[in-house]
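Scrolling down, you'll hit the structures one after another.
Next come two complexes built around subunit A: one with subunit B, the other with subunit C.
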Partner chain A sequence: MKNIREKLSKFDFSAILAPVLFGVFIMILWQTQLLHKLIGTDVFTLPLPGRIVRIILDNSPTILQNTGATLIAALGGLLFGSLLGYLLGVLAAIFPKWGSGGLTIVSAFNAVPIIAIAPILNNLTKSISDEPQIRSMVAKILVVTLTSMIPMSVNAYRGLTNVKPFSEDLMKSLAASNWEIFSKLRLPNSVEYIFTALRISVPGAVISALVSEYFAEFIIGVGRQIRENIVLAQYATAWSYITVACLVGIILYVLLLIAEHAVLKKRR
Partner chain B sequence: MGKIKKVLSSSKMVTVVWVLGFIAVWEIGATIVGFTKRTPENVLPHIYQIFGSMFSTKLINGSQTALQLVLSNAGVTLLRAGIGLVIGAAIGFLLAVLMSRFKIVEKTIFPYLMIIQMIPILGMAPIILAITKDIDQSRIIIAAILTFYPVATNTLAGFKSVEKEKQDLMYSLAASRYQIYKKLLLPTSLPYLFSGLKIAAPMAITASILVDTLQGSGGLGTLLSQSLKHAMSIYVFWQIVFVSAAIGILSYNLMSLLEKITSPYAKNKKKGEIK
Partner chain C sequence: MFGRKTAVEPRMTWEKNNEAAVGAEIKVENVSISFPNTANGEIIEALRNVDLTIERGQFISLVGPSGCGKTTLLRAIADLQQPTSGEISVRGQNPRDVRLQKKYGIVFQSPVLYDWRSVRRNVCMPMELMGLPKKHRTKMVTEMLDLVGLLDFGSKYPKELSGGMQQRVGIARALAIRPEILLMDEPFSALDEFTKEKLNEDLLEIWSKTKTTIVFVTHNISEAVFLSDKVVVLSPHPGRVSAVVDIDLPRPRTLDIKNEAEFGALVAKVRSSFEGV
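Moving on to the complex of A and B:
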């Protein structure tokens, strides 16, 4: 009991109160339509928060279906991309001279806009399946795979090579085999770096999934629905999909932070 | 003999070999596609075909060759991305100064900076277009939003990396707030500002191209969607892929160059940098 009270007294309430008040302030501006006057728009293009929530609740089956499609693309790509990226990092750590050069090339791909990659992969995967639903999904997953592979490979390489000075020499002098050095020194050292990479690639995966949906053949997914509804001038529905997209991004990131906390805490 | 070996083992050579390897893989893929597909240029053309089309003098829309068309549109896209980048960087920097100056501003704003990082801004591109009703404005706004938060968080980390002792010293020498910022905080935070800009610059270009695709009014994205619908030679699309990749990489290098010019004394080691 005393412990909790101590923690509470140490806890800085303004750190929570200030941002919450700010958020409430914006919400009030929004609900009273002062925000609309400020940025010069109307309730039709920027619906009130209550209406957006109601649309999400009313259309929950359709929205869930689209969210599912986006999640499969984002998480599937994230999984394959992270595995592939880590593997590349391992290869680069085994052959450092050629590997680090290769990683420079890989990180150059980081600057290539997703917009340019998505249509290429769409074309490449045309013949994979006769079902447009399946081949679009494959194309989307490939886009996300590429974008999440890059931060993982660079960070995995860093984690596998940035070991404590002399620790490798020490293990060598104790006649540790290469495999032992890898599994007992390099691998554990890279765990922290895996999370650094994921902090970049989780939001990146959501964005790539949304953008690749724009170009996909089969019309499904949160990103595509945002666009389709705006074309139809159904702004309120588009806003509800935007809200869902933001929620997906935030929830995935928070889950990552929880996982990171759990894993890294155990190691300490 | 020794010289050749030295050249072969230099780091530039490693890069060259990797680039050659990449070209080889592409070409093997293109050859396979060439044999198996009816219209191979839609799927994966040979690299020499793409570069060949860049130098062809055939006029595509009456007055411009394919490359001229792509480059003039790339200029439009770059200009808008550039304006957005500058505005976003300015706002981000100001915000970082405010956050470092007033604790309450930092407490209020910083959580939202974290949240912005998690939400897909690019997905909101169409709605920003709907609000502003002007394609140029929305391009600039989205590029600015994507720029301001990496700049703000990184610059703030830069301000915080300044040793307390240095600030105390300046304070005890009766330096004004302005002098402390100008002579101590600003130079220290510059490398951080640039690592923010290095993240932001390619993103601003991506954003600009994406917004282009929403409405036709010039720019790489407009051209991209037109050529994908076969309104013009498909090689225009492939040129756009190469050109946008090139400007993405160049924008990153430009930021590194600016960093070297403005802070040549900066140490490589940075603490608490947000990547």
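Moving on to the complex of A and C:
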């Protein structure tokens, strides 16, 4: 308890005060409809915050169900992608001759937009199951896997190879085996880099999940609901899903930062 | 690719090193080392025809300007660098065998601590590689941290320590496996003068307790004279031995010795062998 209080007292509140005040200011403009006058729109296209919150509360079971589907796609893909990416990083570190060049090619895939990958993977996975629900989820997870694999592989490779000068000599002078050099030096050295990768891939996974839902056969997920409701001109409902999408992204990112702090605080 | 775990007999006490055995500990015979420059691929002749004999339990310093190959020579003794020609033997064995028996302790220019390990676990690391029992490791870590005066800092992490303290952790780590040969590559060159002199004194005290053979690389003449039994002066382009100066100052030495005429004369003697370069 004392520890928490000490940390809070050290925390610089003025740093977050300005952005919070700015946010509150915008919300007041929005709720009082001054914002609508400023940007020349109406409450039908841009519903008031109060109404958006009410819709979220009134439809919470449906929204939760869609959020769940999005989370499965985002987190599932993030998990597989990160594991696969780390494995690629390990392979590249073991075979550096092929590795560094190979990873350059892999990171070039980063330039391919999700909107291009999603429909292709959707088509490729058509025969995977008779259940549209399952094959759609597989397609979505695959999209997220691809997008989170790339930053993880590049950063894992860096973390496994960018060791302090002389630390490999130290291990060699102690006649450490390759496995010992890997497990006692390279692996722990890469942990910091894993978090660098996750800082890119966690928000990326949420975005990829939302976008891939647009193209999925089975209609579910926060991203898909945004689109469906805009098509039906139910802007208030669409806005409540947009709000949920933002919340999902922010909450996952904050959880990542907390985990990062817990794991890395000692070594900084 | 991941292979082989050598079983190494734990050296539990200093006694093994205390056998006041006299004889050649390290013999460097006609060693030349060349390697390509990483930047432009030009061949660098780091050492040419170096001969050197180091007795057991001696404190030897290799001094010389940058580029004289003193670090290369140290690395060759440690089997981190292969001689192009000539031969190095350590206690009659080749350096590779000695390295595989984990008999070397090395202290590098930078502390090379693992940021993710506490001070205690850093000191412990080499003993983990040797497969020593946990009870022995804990005991040795405490003993070593006490020796370098960092017993209260065991649970700290490297980033929380000053440069001098980090370097002392590096020394504790090198000593923890009771190395028969301690190789130190400009261990204090990054530190300020006060910290350096304090650590010099500490090092002599540690050495007097352990009687390990020490090969110490430095470009600081006064440091070399203060510490050593013998100062080996290397000259650059290509690196070769230009003089060997015996330092017969009495031991134990304290920093006060630096004010004495004898000390000044020895420093001058070492320096003059530089001028002949």
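Going forward, the second predicted complex is superposed on the first by the 252 of 268 C-alpha atoms of A that agree within 3 Å, B and C clash if a C-alpha of one lies under 4 Å from a C-alpha of the other, contacts with A are read in each partner's own complex, and residues count from 1 in each chain.
The rule we apply is simple: contacts are C-beta pairs under 8 Å (C-beta built on N, C-alpha and C of every residue); 3 or more make two chains touch, one makes a residue touch a chain.
Every value quoted in this text rests on a predicted model; they were computed, and no experiment measured them.
In the superposition on chain A, contact is made by A:112 with subunit B only, not with subunit C. In the superposed pair of complexes, A:131 makes contact with neither subunit B nor subunit C. Residue by residue along subunit A, subunit B and subunit C are tallied for touches, and B comes out ahead. Of the two partner chains, subunit B is the only one touched by A:203; subunit C is not. Of the two partner chains placed by the overlay, only subunit B lies in contact with A:18; subunit C stays clear of it.
By the touch criterion stated above, A:217 is placed in contact with neither subunit B nor subunit C. Once the two complexes are laid over each other on the shared chain, residue contacts for A:58 go to neither subunit B nor subunit C. Across the superposed pair, subunit B and subunit C touch subunit A at no common residue.
The touching residues of subunit A, when paired with subunit B in their complex, are 14-15, 18-19, 21-23, 39, 41, 45-46, 97-98, 100-102, 104-105, 108, 110-116, 119-120, 123-124, 126-127, 196, 200, 203, 206-207, 210-211, 214, 222-223, 226-227, 230, 235, 238-239, 242, 245-246, 249-250, 252-253.
Interface residues of subunit B, counted against subunit A in their complex, comprise 9, 11, 14-15, 17-19, 22, 37, 42-44, 104, 107-112, 115, 117-124, 126-127, 129-131, 202, 205-206, 209-210, 213-214, 221, 224, 228, 237, 240-241, 244-245, 248-249, 251-252, 275. Those residues of subunit A that touch subunit C in the shared complex are 94, 164-167, 169-180, 182, 184-185, 188-189, 191, 266-268. Listed in rising order, the residues of subunit C touching subunit A in the complex are 1-6, 75, 78-80, 99-102, 104, 106, 108-110, 112, 114-118, 125-126, 128-130, 157-159, 177.
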